[in-house]
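Report on one structure; see the data block that follows.
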Amino acid sequence: MFRSVSLRFLRKKIPTKGKIAVRNYTPRRALLYVPGDDKRKIHKAFGLDVDCIALDCEDGVAANQKAQARTTIREFLDIGKPKRTKAFDLGVRVNSIDSGLCHEDLVSCLTGRYLPDTVLLPKVESSEHLLWFADEISHLIRREDHINLIIYIESALAFVNLFDICRTVRQLSKRFSFEPVALVIGSDDLLANLGAMRTEDSKEILYARQKLVLAAKAYELQAIDMVYIKYKDLDGLKQQCEEGMRMGYTGKQVIHPGQVPVVQEAFLPTKAQLEWAEGLLQSFKEHQKTGKGAFSYKGSMIDMPTMKQAENIVKLGKLGK
Amino acid sequence: MFRSVSLRFLRKKIPTKGKIAVRNYTPRRALLYVPGDDKRKIHKAFGLDVDCIALDCEDGVAANQKAQARTTIREFLDIGKPKRTKAFDLGVRVNSIDSGLCHEDLVSCLTGRYLPDTVLLPKVESSEHLLWFADEISHLIRREDHINLIIYIESALAFVNLFDICRTVRQLSKRFSFEPVALVIGSDDLLANLGAMRTEDSKEILYARQKLVLAAKAYELQAIDMVYIKYKDLDGLKQQCEEGMRMGYTGKQVIHPGQVPVVQEAFLPTKAQLEWAEGLLQSFKEHQKTGKGAFSYKGSMIDMPTMKQAENIVKLGKLGK
Amino acid sequence: MFRSVSLRFLRKKIPTKGKIAVRNYTPRRALLYVPGDDKRKIHKAFGLDVDCIALDCEDGVAANQKAQARTTIREFLDIGKPKRTKAFDLGVRVNSIDSGLCHEDLVSCLTGRYLPDTVLLPKVESSEHLLWFADEISHLIRREDHINLIIYIESALAFVNLFDICRTVRQLSKRFSFEPVALVIGSDDLLANLGAMRTEDSKEILYARQKLVLAAKAYELQAIDMVYIKYKDLDGLKQQCEEGMRMGYTGKQVIHPGQVPVVQEAFLPTKAQLEWAEGLLQSFKEHQKTGKGAFSYKGSMIDMPTMKQAENIVKLGKLGK
């Protein structure tokens, strides 16, 4: 009557011997926008200590400057990413699919001498948008190449379809040369779409902000928080960083270089998080020498995603030193 | 290798020449309930300056007065809507489908000399409810006639099925003679269903209240906020209006004529909203004379829904004068 | 042109004559965990006035004590549930399906002389988990036997899939020998999975906490609230009980015997709830003697779920006397 049951849907187990295969991790505590048509600002951004720079074709560029932005960005990409002490993520934010400008943006930024690390795709509202994007990528990038994808969720419809969007992008990424890495909440567009009004504690979009974190974590994506528009108010910025962090955000959009240090400091792991992560990795090392069976730490069974999280925290912690 | 891509799912573009086809817009800042069996109150309501009047067959009418309410409402409908300086929306709130009373209500109010503008359908919980309603409408209203539909979301199950309900009603409205125009949050029934307790800031139903706004905006419906039950407390009422407005609600249910002026004042557009909308329409006029290609305003690409929103704000603004 | 319409999806009507068939109701105001490998603590718990005891195989038991916990729990089950003045629910919390330990836990606790009342299944993340569980039950329990199932929702993915999980478990329970009775929010695991931080008012997981209540009520399950970890702070505990109650939670997880009386007192029905429920049942009795057609109370049409709710409130009220 009792049979042994095959646990087909067991979580990915941790190999008891050998190295853990952890996807290369780039923290994006601050995601800084720079207008794609402004050479001076791009040069300046390259000199900053910032985790992620988005060369912007979209909202930061006037309608009659779109072609100029494409050309300028392409020139920078053809030179190649500048060498810096600390690595950074170099992305291009293209125009939204529905704008009719996205195809030309992609052609321009993906057919040069070097690829950007990441494409940032605004106003994704449905699975169909991602199918369109995958189709573009299949024509523009060789199978053996690879880019990251950051998805903007910034309308009511996008939030309605959010879980579908995540499921679809995870499936598509298995067959196409892109890897989804983060979700961004576009709070200004969302507020406009809802006819809602910005308040200091953002209570009016609490549902949206927390739904995005859940979706991100469920599909192993980074959750990147809203812009703090009062760019001179660094105390307010810090508070909003911490508010987002408490919900699970690990990065924030930044519209001014002066916001970068505050944001990158705020999103460093706490001392307790660091201790937990370092202890876990240490304990795993010891377990690998002697242990058999499941690996547990402080009473919890540890699985692959948790191991990855610990590695990421330790890496992130090093940025603060 | 690079093909030109057909953007099949581009948003509806704005015609560069000619008039914009904007669906006739009725604001429903205040939605006032009047018991369907009370002639005196109905006469009184017709004399008020109120955006929307719902002649009630449901909660405002005792179980043994349901037939009386049907007869009375039918008499008023047969006379026709009273002439007033300001237009208003005249609706009938029927009993819920599950009550077993809805069919008779619909037969009574949809087969007279004149149709009401709107049917208000309480306790919609699933797509099946809407299929039932569409089937009724197909038998009661001629193809060339037309009514509006306002949907009540007021139970846990309804909130679970909310996005499905919206998708279904949008699809059905293409084939049947009704047009969904608004979602209403039935907070009292929801609280009872949840076993939750009303507090002053309604924190206990924040999830539901914000989910409804998202669904409404995603499917181009008006979001109508909860009843403020302490009908003598006009300051509290004003505060709750503003709280709802900040989330994106543009109207509110009203149970007493004394609440109407406060609510209709609170839901007028702000000065900033008016300026934005008037500027956008002005700019569009100029663009039509000279412009080619996409139309942008203050750095944003403008699409049809945004144009409609601007027109509605300007219309609404005129009510405040 | 007008036909009589068959209301196939009418809510279950109340029989006008005879007894109402109400599923046997066990309140679970406090759900107390006891480590399954600790005989002394189990004996002590059996002496407490507590609604529900969960003999724990999972987080309360160290990895190298899992076998010991199984043996100990089995011994207690073979003796049979202790006789007490007030009935209580005796459950076993097994390890999660993905841990690889769940099958042995189930075999051990479901094949003894007596069944526990309830199995508590942690870390349910998808419909597939429930299919696995149903398959286990079909091999371990005879068709004519029956256990309750309490489901833990404690990761981002579980919250993404929450409505699916509820739909699936309701369908499966029609064909298999288990009955879902409650959803539990595992807030500590959720916080860890989100990388979120605990604050006093739990604002960071408000979305999750309210989504769980909605799902529970939509599928007629009890909603059981988060653990209050500061077990010596009974004032804080009381406040968090009331906070949960206002959202619709009717029970709470408890990690220390000292928390039980505070929790069980807090989750008694209020005076107003009791009066409503007793009035409803009284009115129903009178209606049964004379009434025809629909049954209404205080102006509301009453359906089966509402009758059940009233009966449960009255039963619960008796516990406070």
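A, B and C label the chains in the order they appear, each numbered from 1.
Everything below uses one rule, namely that a contact is a pair of C-beta atoms (placed from the backbone, for glycine too) under 8 Å apart; a residue touches a chain by one contact, two chains touch by 3 or more.
Source: prediction; values computed, not measured.
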Chains touching both chain A and chain B, listed by label: C
Same vs different contact residues, chain A with chain C, by half of numbers used: different
Intercentroid distance (Cα basis), chain C paired with chain A, Å: 38
Overlap residues in chain B, where contacts from two or more other chains coincide: 206-207
Chain B partner contacts - residues on chain C that touch it in the complex: 1-5, 7, 9-11, 163, 166, 206-207, 210-211, 213-218, 245-248, 250, 294, 296, 299-301, 303, 309
Chain B residues within the chain C interface of the complex: 59, 62-63, 96-100, 103, 107, 111, 126, 128-129, 132, 135-136, 139-140, 155-157, 159-160, 193-197, 199, 203-208
